[in-house]
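In the two complexes below, chain A is the common chain; its partner is chain B in one and chain C in the other.
Take a look at the complex of A and B:
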């Protein structure tokens, strides 16, 4: 009982409960058929949300108004950069990954410069930089689908007992991010800034350096995600990251991170990402039409956030 | 003798003159609302090739392309109003919305401008619409499927962008085909938005719950992603209808070389932009008998001819064909009933 209560007190548990419920709903519809396949598919797709979600989480935790809206454009550009640099050759995979990382970091740094040097609110700065990045991508990639090298494409699809290797890497990465957040000076500084920027500054935290690092980190994760997506989906494209504008923010919020900043939660991001993918799986399995599916997705997300938030108010 | 020669050459000159004198000073603008995918890039390229030549040949005075980067209606509406002010004689348009631009299009018509829409069409009656026969394409997909699998079986349907006329038409065609060939059953349909990534994601989520699938009916731009989703889930590869994309045809070729894989491919040719241009030119030329709704055939490839077409498609792009003035005259003739 104590264990159960302690578990329920954790804000991240709700997203996992939600994921479990939609999964059960989906397999009860099929009579248990395809239960394992659904988990495998959910893990392979959720990992991409987790990677950008963690970047977005650090940014949002910086406090009110901080958000990275340039992720979709950033992911699109990085996917094109990675595939062009790799040029279909296995020998160039590492170089391509570094190029994607660099491209993502450059976008993150540019975001911070707009916010800091021109004093533009982050929401406007990252949105306008996303238009610029998007245009660069269209000019650079010419809207073509560029294919990944075979070894890289295979890597993104390796499974071990039905668990994608990429998902295992994602769990390890989330674990490290959790340590960085709770146990390292960087993470504690992000939390402190999110709680009160002025107090953090007075306490001697290098506020601007931490903000710079955070936006760069979010950009870098977007870049890596772009390269991995291009590998998994067998090709870069301008629109490859479109989904991650809403979903990167949704996984952070559903996962129990405070939108007001100063309070973050890493495990919840995994739960929320699984929840979102399994929700799509469930609705696709039911075979509902596109309009109904979007409507239900919206309603269920609102419901889950309300439920998770309501629990907090009770305490 | 000499007079006949002079008269003869005069007659030739006159004849040549009547063929394109009327539009040689006309200016045609192209209003496009998106350039971010391979189909749109091919569309712009085809348009540029054809219109550059038309300007060089003196058939029209000027032809300019205007693209707005986003898919927003207000931006394109403002753009059309600018084009009216700039004094173009005709506007070829790939519209962001079938009805939200009708106001701006009406203004253009009232200013005496010829408006020809294609792909993303506008419903305003004064405009012309160049439409691919998507319903026939959907029907033919099931016809082809019946050839590959006469015994029938379960089909998965990939839908396009919800709410567009294209998605509705192809879907209606497929439904008609399945009604005719009752040995087929559509067990589920997912939304692929004509995009490999979206299609792969959607199919990956639905595959675990599906029974054995013999075929996938698609809308173009979603076939390769579908194939990848089947491969990733370790499910047997069904007959997937392709949509003329280079990666789709390359995959088909690879599978054909491996075990003689058979399928069929069809889509709207991006070069239909050039057909819309010629229709505008014909209307400017003074033709009054051009129907406002022009149905054009889709572009299809079969097991026999797709490999010959593959080398001509740039990597990552889509198969296209550039239309000529003669094609436009032919299309108009075919549509006059």
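Take a look at the complex of A and C:
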């Protein structure tokens, strides 16, 4: 009983409960058929949301107005860069990953530069840079039809006892991110800045360095995600990252991280990502049309946010 | 980090804060003029009645969507669903408003009601507007697809007639832009309730203690966003003649960019309706006519929008530093 109560007090448990309920609804509809397959598919798609979601989480935790809108464009460009550098050859996989990482980090650094040098609000800075990155991607990735190297495509699709290897890596990564957030100076600094930037500065936290690191981290994760997505979907495309504008923000907020900053939650990101993916799976198994699916997804997101409630305003 | 104003008093002339503020207010008009000069230089024939009608055609719905976004930004919120909402309105206009006008009008009024309800929800539950409106963007898109699974429909004839008006001397898009800018400017900047509405963005606590209902101001502003979103969608269909569920998707980010280009700030209720319309016109002109004349491939059109934003914001940062207010 004590354990249960302690669990329920955790903000992230609700997103897992939501995911479980949606999954149960889906398998009760199919009469238990494909229950395991659904989890496998959900895990392999959710991991992509988790990777960018964690980057977005650190950015959002920096405080009000901090959000990375350049992720979709960043992911698109990195997917093209990775496929071009790998060139379909197994020997170049590592080089391609590093190239995608570098491309993502460059976008993140450019974002920070705009925020810092031009004093642009982060929303508009990442928005303007995403316009430019998007164009670069269109020009660079035009007609790109390079398949990922076989070994890389296998790696992104391979499963162990029905669990995608990538998802296992994602769990390990989330665990490390949780440690970085709660136990390392970097994460504590991010939290402090989110709670009160001026107080954090007066306390001697190198505010600007931490903000620089955070935007670069978010960019880097976007880059890695682009490469992995290109491997998973067997090819790069300009629109490959489009859905991650919404989902990266949604998983962070549904997962229990405060949009006002200063309060973050890593496990919740996994729960929220599984919830969103299983929600789509459920609506697909119900066989609803695309319009109904979008409509219900939207209503459920609004409903969940309303139920979770906002934070009491700090005065 | 905000640094308190350290400008010594009594400075005058070109380096005074007052002059900087004036320069800042002038910036949107200045960037639009620069774009126009560039176009005139590249293709003098474009600067004509016909040229403007053609180049600025799509500027009307963009300007209306920008004004819609400006209303929510005034009260420190953000609407990430305005693009899909414009698309939804376009679909309603091209189907129901034509075939069953009464139903169409009811649906459009209802959608404005939804916006007002969202304002109340966001305020009462203290929700992040970014997430709520992101969710709503799915709702509008879903409804639009249900209504019009394939591109089609047809705009009502009166709307087609209105959007292809050819007034004497001044091209219709310019006339419309001036009317939109002046009407909103008067309502928001020159009336006493307009000051209360902007005050909600500036200092909600103060407005509340002065006896005004914050709930009412937020609901008003969200409803106004709905109204101008509806106008934008209708204007868009009037130009494109038929609708598509994805018609307005690009407007979300364009509208935010327009507000910021026009001198608006994300927090503090500092917005400018005239600036927002000018910002929208700048984006509309820079996005395609200018680039076409410069023979830049369409791939880079999006980048041009980003670049213009960055350049204008850089100029503003320089001016603001002189203004000494941040």
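Methods note: the second predicted complex is superposed on the first by the 307 of 315 C-alpha atoms of A that agree within 3 Å, B and C clash if a C-alpha of one lies under 4 Å from a C-alpha of the other, contacts with A are read in each partner's own complex, and residues count from 1 in each chain.
Here is the rule we use: contacts are C-beta pairs under 8 Å (C-beta built on N, C-alpha and C of every residue); 3 or more make two chains touch, one makes a residue touch a chain.
Values in this document were obtained by computation on a predicted structure and should not be read as measured data.
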Clash or fit: chain B and chain C on chain A? clash
Go through the superposed model and pick first if A:197 touches only chain B, second if only chain C, both, or neither. second
Where does A:253 make contact in the superposed view: on chain B (first), on chain C (second), on both, or on neither? second
First, second, both or neither for A:291, with chain B first and chain C second: both
Can A:138 be said to touch chain B (first), chain C (second), both, or neither? both
For A:305, select first, second, both or neither according to whether it touches chain B, chain C, the two together, or no partner. second
I'd like to know which partner A:229 touches here: chain B for first, chain C for second, both or neither. first
Contact residues of chain A, present in both the chain B and the chain C interface: 131, 134-135, 138, 142, 289-291, 293
Contacting residues of chain A [partner chain C, same complex]: 65, 67, 69, 114, 118-121, 123-124, 127-132, 134-136, 138-139, 142, 197-198, 201, 207, 246, 249-250, 253, 259-260, 289-302, 305-306, 309-313
Residues of chain C that touch chain A when the two form their complex: 1, 78, 121, 125-128, 130-132, 134-147, 149, 253, 256-257, 260, 265-267, 297, 299-307, 309-310, 313-314, 317, 320, 326
In the complex, chain A residues that touch chain B: 26, 29-30, 33-38, 40-42, 44-45, 131, 134-135, 138, 142-147, 157, 229, 233-235, 237-240, 243, 277, 280-281, 284-285, 287, 289-291, 293
Going by the contact rule at the top, pick out the chain B residues touching chain A in the complex. 35-41, 69, 159, 162-163, 188-191, 195-197, 200-202, 204-210, 224-225, 228, 232-233, 245-247, 314-317
